[in-house]
């Protein structure tokens, strides 16, 4: 199985503004050019170039057998991708929107995620499932789900969510090169986000499973990924500019939820002593629960306050006119930071806490 | 369900056992063939005709002049497609004015939309998809309520149990089993109710289409499935969607009749649906109807159809326009004077104007309603979250 | 919509041993007898009485229109149930095994869970989805999944898992009577568990959403549900008998994961100061993460140690011959209790913790 | 894939556009019909015959005596069904001895199992379900490895890429799209490979069946679908599963041929499958074959079939036993002497004895292997968990 990745070009070329959508398209194109086993398929990915135009031009360049419009059936797309992977191809499929991946859930959970394990490594599933995901673009019902909790709870899947143009390219290349299935969550509202970037010499991105500290800080750590990364950075800047509280917030972009980079997160929280997990997906049984629990297990004696969570409400995603009330924004993040018990250091007098009784220690 | 006409007690559904389909064959090895071998159901009557059924402009229409379809129905259909066309235009205009989040127009498919609505009796149910706002409006629902999903103020705007129109369904084909379940429930209760479910050509590829039709046939549920084959699933043409002789040919595989009809011929669609719905209500089981039509506009206002189809193709279909076909027929039969035309157009314009006006008023929304209907009783966690949002909103009010 | 529940009979009858499977079957029978709108359907539930015989006798008693064998299609079962609920019925469907519910995931998430919310209460979904679930019965692949994490992460669903014979009856009656959809997880390996029980006078069980303290204790709280409840009780008894450690463990049976009874859990942990969450489902992004995070948020200053989790490994469920290594057992639970930092009270000297730097307090 | 025979470059799959299926109809309104209206594919050849195809004991077999099926094939099939029958008996016995967690016997379906295995060429792939252990064994795989899933030592025991037999698949119909994808991939690579996927009558109701067949037809994938209609899905008889004239009638709805065959006639099944596989390999696209057969045993050893079917029915099918049918034919044609019978039975007995012996040895299992193949590289969390389990195991060793 090829794991070839594009080599940097010889002479440096200027960086120009590129959108995340363009970087993703470029990643697909480069992966297809480098490895004839990479096949892209899904609903409307061929002639149309995908409803978000990420696959634009691929069918023209590589022909309809390499970039293929399929019948409208998500289980069929994932199921045939499994078969193609069994024959040595490296399928990259698109689920048109987050909520439209659900009809393929059975294939994803029972086969994509388990085939390697079932066959003791004999049948790997080098399959990338691209999912335009999350809200904030005024989509009507079923077009704005954050479904990562389902994928995280499924052993055998990698779950990746880029937040920057450079990561979009680098992580998608890594996902396609991976011999394991990757659910690749593309934050819809970042498709049009821009950064200076050079497709000839794409920034190096470490492999899947490495978080990155996007902003250094000392007061508390914001832990986030995907669409909430820019929001957290904005919150961190806001509180600095604001000055009043004098918080210097560290922001960690997880990049991948599975594998989860405990080391980077734990090191940061040990330093800052406080943490808030931020994501768009509903809070209850969402990614934040796992992350907060894990941090607490690893960093309990370093914590000045419980790890808090700022998440979407525990409701079906709201209609377009109300979504701004649902999405975690700067204010809600800073409110949570404010609740990180800056005033008193309760932990110094554990005996005084009310309501405890019958302790054995 | 009160006021619903009652049927005689339903036939036992599962008792009258259909059996294995192997015929005895004369052969030398023969011990007596196993008792469960019986002659099969005859597939012939389930197969669709080789040509889509049409009435308008055919000799068939001519022949019918004496008996039916009567002038009254033709005029009703005509008025409805004229209103429907204008509704589609107005809704598309509202997207440009930022008053709809998105609009998937049924322009070109008005015959199907209107015929579907008019074929239903009072107690029947309609199961529309996102493209079928017009069918709901033609059934008499408030257009503003129907457009709620596409406006973005809520996921769904009208009273479904009251209007007997299920919510516009976005995940493709997923409404089909709902129609089957509802029709089956009505039959079990002895109510004379049929369910008409709409789906696109693309939607027929989904597993839910298959499962729904199979349940319907096995249960003999009074459900009718209308596939509006408009040639495309967004950019994907029918040829990449299926290799079948026609989508109506899928019916025989479930053991229900498949019917093929010209979807731009409102009279033909209406007739075929009425027949299927009558059969369904009478306990005769489900029918699959494929209406061949064409989506004249892009998939939605956000789509660029020039990426995947030629102007020529669109032009050719414009020449087969459902409104023109009906108008031509009426004129040819002397049923359309200028007054009737003017009347229809004015009614359409009035409906559109009223819609425009109402849609230009901002809906008043209470964000805390987001927590009200997740469950019958909000969980403690949801109550907390609602309280927090209320506090945020109050704080926002203050700083304003 | 009827919410009638069976009234206790006039004269007391003796309690006799009953299995959980029998109690579940009785609950179905009583619900069907009390309310003609209750319809039971699914694969093999009619003539056969279900592969676990829970629906045994219902078709004979109520006829094949009230207890119906369906074609083999889980999305079809859930999808038609939605339509039947729209017409005012109260469907109770069976997914034959946990992993075979996945083909119906789309209907469950996009419609069952959301119809009430979508229609602002006009179309409730009084639907019960019975799922024989979990491992420990030597089932081959796909017959032992613990899938509750998926359902918990889906707003609009209630998620219930009984652990006793009495609760099996009472909670299933409550689920069927509920005007909301309930995913009713029946621990397969408890189907044959027995208790003295009187079908004529079934023990009162509070409505969905109430946890229960199954064993009072003062040292630490074990929080669990479904198939792990007897294991936790056994662990609690073992350590008492064992005596060495002198732990007196409290055991909470959550009964329902959604709604989650924070009050009962928080009150216990505030008292004991220590907690372990125990479940069979994989740990990563499983129920334990949410529960631990929530306890920590609510009880931070009462905790002597981080809330620990004992869960299935983060792997696809193992084959029968290896499942005993995967399932949380008494030893693993007591190991976790032992790691609850009994020796030293770290929290009294937070300043001394290594690795913290740049604190702002 | 090395060593696979190469095909001429595949035909463009999506370019040769199948078009909308509306025919022009002479009518008064006619503007020229839209350009995409062309005559449809003819459905006729896709429909199954009205009777299941048979060879054994029919005049057809008699007529063939000169040309085929040759004695050699008959003898091979005979030896294989005798071995197959014995294998089923042995495996069922192993459940009673606690050596298999469960066994879904294919007793009564040996003709299908064996014909499927023998119809395949070296480079073809087989996609079996949980009931198709025998097909894999008849293809030459190690029975102990094939039984791994049902023994419970691992989920899957044989080398799938090496044997070109996909893992026995438990979630119904989910293996069908795999077969389509693999066949499509092989075709894209220019390899002359076909995939044969097995599914039960119950499995045809699943959405995955529908999606797989549709993809296969649209892609013209070299895949053949063999439905073993054994009359039941656990307790649910065919009549509650489908109302179709036959399951083979589903084919026309996808645009592929549907064939109906007597599933207890090994020669007929073999012939129909060979034909379909040849057509598939030659680029002619997929086929749906329904083999009508009967499950003589309960669903699995854990099932009690008396709850849902009568002894009479079973007895009747016993009289149509696949082994007897074949034996009778061979005898009638003078192709079976006592030596051949003895030889076949001894071979079967030997295979069974060896299996029994090997299955009575406990497999040696390393629980920490549970973490080895979840991913190519275990995550840090899995490494931790493996270490913890290793420590537990070591502690357990000590206390022992």
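Letters A, B, C and D mark the chains as written, and numbering starts fresh at 1 in each.
Everything that follows uses one rule, which is that a residue touches a chain if its C-beta (ideal position, glycine included) is under 8 Å from a C-beta of that chain, and two chains touch if they have at least 3 such contacts.
Which protein is which chain? UniProt says A, C = 3-methyl-2-oxobutanoate dehydrogenase (2-methylpropanoyl-transferring).
This structure is a prediction, so every number in the text was calculated from the model and none was measured.
Note on A-D: its contact pairs, compared by residue number with those of A-B, B-C or C-D, agree for more than half at B-C. A comparison of the C-D and B-C interfaces places the larger number of contacting C-beta pairs at B-C.
A separation of 38 Å divides the Cα centre of chain A from that of chain B.
Per-chain CA centroids place chain B at a distance of 40 Å from chain C.
Under the contact definition stated at the top, the residues of chain A that touch 2 or more other chains are 46, 69-71, 73, 75-76, 99, 102-103, 106, 110, 114, 117-118, 141-142, 155-156, 258, 260, 284, 314-316.
In chain B, 14, 154-155, 171, 205-208, 210-211, 214, 218, 240-242, 374, 379, 381 are the positions where the chain touches two or more neighbouring chains simultaneously.
Listed in rising order, the residues of chain C touching chain A in the complex are 75, 99, 102-103, 105-106, 109-110, 113-114, 117-118, 141-142, 149-150, 152-153, 155-156, 218-219, 246-248, 258, 260, 267, 270-273, 281-282, 284-294, 296-297, 300-309, 314-316, 342, 345-348, 350, 353, 355-361. Every residue of chain D that touches chain A in the complex is listed here, in rising order: 1, 10, 12-15, 154-156, 159-162, 166-167, 171, 174, 176-186, 188-189, 195, 207-208, 210-212, 214-215, 218, 369, 372-376, 379-381. Within the complex formed with chain D, the residues of chain A that make contact are 39, 46, 64-65, 68-71, 73, 75-76, 78-89, 91, 103, 106-107, 110-111, 114-124, 155-156, 158, 178-180, 209, 258-260, 262-263. Across the complex, chain C is touched by residues 101-102, 130, 149-155, 170-172, 202-203, 205-208, 233-236, 240-242, 303, 307-308, 363, 365, 367, 370-371, 374, 379, 381-382, 385, 389, 392 of chain D.
Looking at the complex, you find that chain C touches chain D at residues 43-44, 46-49, 51, 69-76, 99-100, 102-103, 138-143, 284, 313-316, 318-322, 325-326, 331-332.
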